[in-house]
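Listed after this line are the structures, all set down as structure tokens.
Each of the next two complexes has chain A plus one more chain, namely chain B in the first and chain C in the second.
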Partner chain A sequence: MLKRINDKEDLTDTAVRLGDASFPAPFPSGLEYGSPARGAWNIVHTAMLVPQGHQIYVCAAGCLRGVVLTAAEMHAEDRFSCISIRENNVLDGDMETLIIDGIEDILSRLPVRPPAILVYTSCIHHFIGCDLSLVYAKLRERFPDIDFAECYMNPIMRKSGLTPDELTRRSVYTLLHPADPDSHSVNIIGNDLATDETSDLVRLTHSAGFRLHDITLCRTYAEFQNMAASFLNITTQPAARAAASALEDRLGQKQLYVPLCYGYDEIDENTRRLAEALIVPCPDPSPARASCEKALAAALAVIGTTPVAIDYTATPRPLGLARLLLEHGFHVERIYLDAFNGEEKKDFCFLQEQFPDIKLYATIRPKMRFVNRHAGEKLLAVGQKAAYFTGTNYFVNIIEGGGMYGYDGICRMAGLMTEAFLAEKDARSLIQIKGWGCGCCL
Partner chain B sequence: MGVRLLSVKQTASVISIYAADVSGVASALFELGGMTVLHDASGCNSTYNTHDEPRWYDNDSMVFISALSEMEAIMGDDDKLIRDIEETAADLTPAFIAIAGTPIPMMMGTDLPAIAAVIEHDTGIPCFGLATNSMHSYISGAGMAFEALAERIVTEPRTSARRQNSVNILGMTPLDFSVNGTDDSLRTLLSESGFSVVSTWAMGSTLDEIRRSSEAAVNLVVSACGLPAALELKRRFGTPFVTGLPIGEKGTSRLLDSLRRAAAKTDIKKAPASQVPESFVPDVTLIGESVASCALAEALEDSLNVTTRVLCPLETQAELLRPQDAEALDETDILPYLKGTRLLIADPLYRPICPSGATFLPLPSEGFSGRIYRREIPDLIRDYKAFCEKTGR
Partner chain C sequence: MIKLAVYGKGGIGKSTTVSNLSAAYADRGYRVMQIGCDPKADSTISLHGCDHMTTVLDLVRSRKDDFTLDEMVKIGCKGVVCVEAGGPTPGLGCAGRGIIAALEKLKEKGAYDVYKPDIVLYDVLGDVVCGGFSMPMRTGYADKVFIITSGENMALHAAANIAMAVENFRDRGYAQLGGIILNRRDVKREDEKVAELSEDIHSSVIGSLSRSSTVQDAEELGKTVIEAFPDSDMAKEYRMLAAAVYKAACGKEW
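This part shows the complex of A and B:
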């Protein structure tokens, strides 16, 4: 198997000193490995956020399998159907008929008529030039009482524009009907997880008297439709930006991107821009900053010089988090990611200069299958992949930032790191649960 | 002979779908020290290692995806695939390489056997390209993979004499048998019945044991996955084969007798197939893989004096089914057969289509519900009696 040189694993092209890494692609492309850390959400999880929505996937059996069982594992199989593509459908040119008739057949057998159907077509449709405009026109003509969202499970296009994840976050909101604007309502758009009630963003919005809508909190389709009236769409995740842009174009809702981040200056700038958009006074950040410093100091007092590993599934800003921790005395030893988030260029340059010995590890390079997964000493991981690859049971089990945001988010993160350091988790069981936070029958 | 129904809409409004051919390839070859490359954009790998492969966490098997992109597909960039596989093979030194296709390579007409030949030429590592496309079930893919082993990996026997009462077990993967010890139970039963097990394709055997399969006197096909390899081993070495599973006392006795006769090259006389009236409504309907389901159905007939029908939603050969059984590939095909049945035995994810008047007895299968009910999958060789009691008859 993996060649060992001087009793050390040969991790060429798989691990690199941050000081030697190139931006934004530190590793070459090639065959890819998939680790058993499965907490990151997929398109099924995200689309299930549409209350009372029903998903129908049209693709080959192999592609259906993963999404069908995603739905089954989250107890949502009653909100999921599929149409299986066979060779003859590719050869005979009857793909449009297959989709239209298949959906009609499914609707005739569903016990409850859904208000919205999210139809996922796949790579095959793209390559055969399936007339999706015709398909959706016919569907809307036949079923005028149902909203259809055009969705895509086409991973082959992941390097050709928006990723399937970004496309789904965008597609979900195409279901919103135009509505009269409500100047007292704002939305958080495109997040998989609810933003903490205690977070800077939610508190500022609520304290200014605005209603804050978020799909993660909607319980009915009608409630979801209320989001169409909000005058402002706030996004905090990079993958949500395309959704906000599409809504701005279609419904005229303004968008504001205030990314989840860990640098104090950027947090202040986000708060200032949010306050400006809401036309409210910007709060003084000093007390929140002081709380952060206190929380981080308290965490450091417990965690000390224990090595820390961070991965990209825990937060879209792993370098930003690493920088924050390093600047506060933590011993961040390694970071797991396959490509850098373009927004992290500044943090990358800072870390490259100040902490060049941090080790970057790929997560999908084939050699990672055989990497030594047993850190010799106690190690604290932030994220499931970091926990898996280091073999530690001391880990912060979050994805996508865990709903934390702003100074409050940093305080909470410090608390979660302390908790994780003090109490072992069952990493093997926890990280294999698909779509962390979705509910799972395993 | 079974009945094949043609499906029109190919829809599943409420039930799951079986593991695909690419997962079958990876599952079949998982333990043998080779490298399996799924030529796919993304998704096949996570589906396989999440839902179809219970050994993923603990065993460092080399199953990767090629991460095909739109531009590579449009430009027909096979060189990148070849280069990536050769580079990884140089790092990881697999015993063999298998490349399995998915929908887009099929649509592009990617010549996987030719790519495999180039890689084999360049690296000296046996390499086979398998014409999977994710549109068939794991039965098809695992069958192709086992057939490739029979063609390419199994060596000529070291002596002309076969080892007396020796047997290979063909078609054993977690997709049909999970990781609940069924493979061990089968080996133990065969050993205690006077057989020596040369190899198990492919759980619990090394590639060297697979290589020596030509030394066995008989092959036991335990799932439809194993039949293509059995046919190839018969073609290459004249090894006879028997299909079935030792479930229940009488069923076990029948199967062992068939194995002994086949090993001794004594003709096995099959009872002539009887006609089944169109109005036949079985007491018990089973949905599942043909070999295991038929073995269980016959055991239930022995134990409970009931009539049974197996509905096989997977690829199978007609000879693996009985006259009253049928192939029924999807939900619309299956539903008409369920009318009037009193007991339905199937994976729990079939429960939504169980008729209201029938009792449902769950029999989970990794190949259908993946890991969801893994803990409840019985070892029917060891625990048939307990399962039989659950029928309430």
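This part shows the complex of A and C:
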């Protein structure tokens, strides 16, 4: 039976004043806690974006629990298999054979042969120096009709080099075969959610006559393969950049990083760079800016001085969003994040100087298990973790920016905040769903 | 680029032999890189003459990925590019994992592309006791494995074990056995015993080295025999061995 060994948890330093925070790591690293707000995507969700793809995890059974549950919750068990590693595999040194034969066995049992398999190896392969080059060479030789993506479920590397999230986003696009370049096609890559049709980015691309491909919209593997022909890969999420660089190196596709952001000047700069890459005139931002001002003013008229909390799962730019809202009269009281996005240094400095009393809360510090999760007064949260930790049912239920982008994204965000403020949600049931917005979870 | 891995029982004289081979190749005008794959990090000491060399794992531990290729190497005598993989704290950690990490880091930092060595020599610790120690045999690393042994039984057992590892990996396309190097300890029936081993493992003795005090004299000076006593008989033996290894590795005269 578990026994509490300390009656009282010291919660005095749970929050850090933004004015006192260090950049980019405001909290000490240590034991971590996982809150029940589980909407953020994991590697299983992202890899499921490959149409008709099949995932195989090679790992000790105990460590497979999380990914198995994710696949089960997605009702995607038919696209997911495991190879369980036992001690004898380490002692016998047959790890390479185990993977190859295991995959062959799985393939023999699948009712339909998948066009692509994403093979996730794990920490143990890393520790013992499993010859993965040999494994993939043999797999490709033995199953020439199947594409294999080299993926990693390697928590010990979580804080060095590319993160598992970045690695998976990169691995997914290694499945693209070289193709003749199509100067009329562009991709948005590395995002988990489709970018809104009404967004500045999609509208500009479509209005210029380009075909826009996005894995989130592909329904077949053949359709996904069409992405290999696009001459340009656009990324809007920081975690997608490694994928774009890898494709530039391997397929020669140009890359353009135009990050999801909330500062007007940066939005204009992104639009200018996009227009330049597409060789089309850059649109005048004035009408869009005016629409934003109007939308934000309308939202403020409803939300008023109600405290606002933002978390990092809602957007990769929580500081940027906080700054936008604060500059437009909203009362952003707290931000939930564990580390700052390196791209937010300017916003960090601005907020530190102008709004030093904003409270920063970590989401993974064990102390967060014990904090009072009831804000006491009505509070509007942007993001599931902010909703969970403040105990509010008034929240914008989005992850990774929710597909919103540019000035249109700000207008939509203002609308969603108003909607969330006016209509209570069932936070408890909503935030328990893993991989919010993942098509397979519906 | 010719890539060679030299294995053998601990204390058999691998580092001394490999360093003299490196010096002999460099003398001959080849660009040489010597990579010590021993946690003690003393493979290249007679080439660069420093008591301590920062190892790849030292850098990985202290700086994660924030270091340059230049910081991973030291240029030794005759321009030999010296690298020490390093290892964990003695008694702790995993030495095999250390070698894997170091060799991967070298590749990742483009060591072979930047220095463009003609000859790369991996000096590998003792037996092939785990996957980490077989790393230099893998595709992309050494093409040929050479085993150093004396006529002592323990050295012969280790050599047989190494040969078995090479054989086990044959269908994987890993490095092939290039031959046996006899480093004499002047034990009874030494030539005969090593010849028997060679036959058992379907290989051959490609060269031998005499037991000579010149080697210890050079070591006292912190140098290779090639550098310290270039006209000695021992230097001649190392040059002959270098030529034999070169031929066994690529089929050409050096």
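Methods note: the second predicted complex is superposed on the first by the 424 of 442 C-alpha atoms of A that agree within 3 Å, B and C clash if a C-alpha of one lies under 4 Å from a C-alpha of the other, contacts with A are read in each partner's own complex, and residues count from 1 in each chain.
Note that in this section a residue touches a chain if its C-beta (ideal position, glycine included) is under 8 Å from a C-beta of that chain, and two chains touch if they have at least 3 such contacts.
Everything quoted here is computed from the prediction, not taken from an experiment.
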Touched partner set for A:F127, first chain B, second chain C, both or neither: both
Residue contacts on chain A - larger count, chain B or chain C: B
Which of chain B and chain C A:V302 touches, first, second, both or neither: neither
Partner chain(s) touched by A:G93 [first = chain B, second = chain C, both, neither]: second
Partner chain in contact with A:L64 - chain B first, chain C second, else both or neither: first
Where chain A meets both chain C and chain B, residue numbers: 127-128, 160
Chain A-facing residues of chain C, complex: 64-65, 94, 96-97, 100, 130-132, 134-135, 138-140, 172-173
Residues on chain B engaged by chain A in the complex (per definition of touch): 8-14, 16-23, 37, 41-47, 49-52, 56-57, 60, 62, 64-71, 73, 84-85, 87-88, 91-93, 102-104, 106-107, 133-137, 330, 332, 349, 352, 369-372
Residues of chain A that touch chain B when the two form their complex: 1-3, 10, 29-34, 36, 38, 59-66, 68-69, 72-73, 77-78, 81-87, 89-90, 98, 101-102, 105-106, 109-110, 122-124, 126-128, 153, 155-160, 366-367, 369-370, 428, 432, 434, 441-442
Residues of chain A that touch chain C when the two form their complex: 93, 96, 127-131, 133-134, 160-161
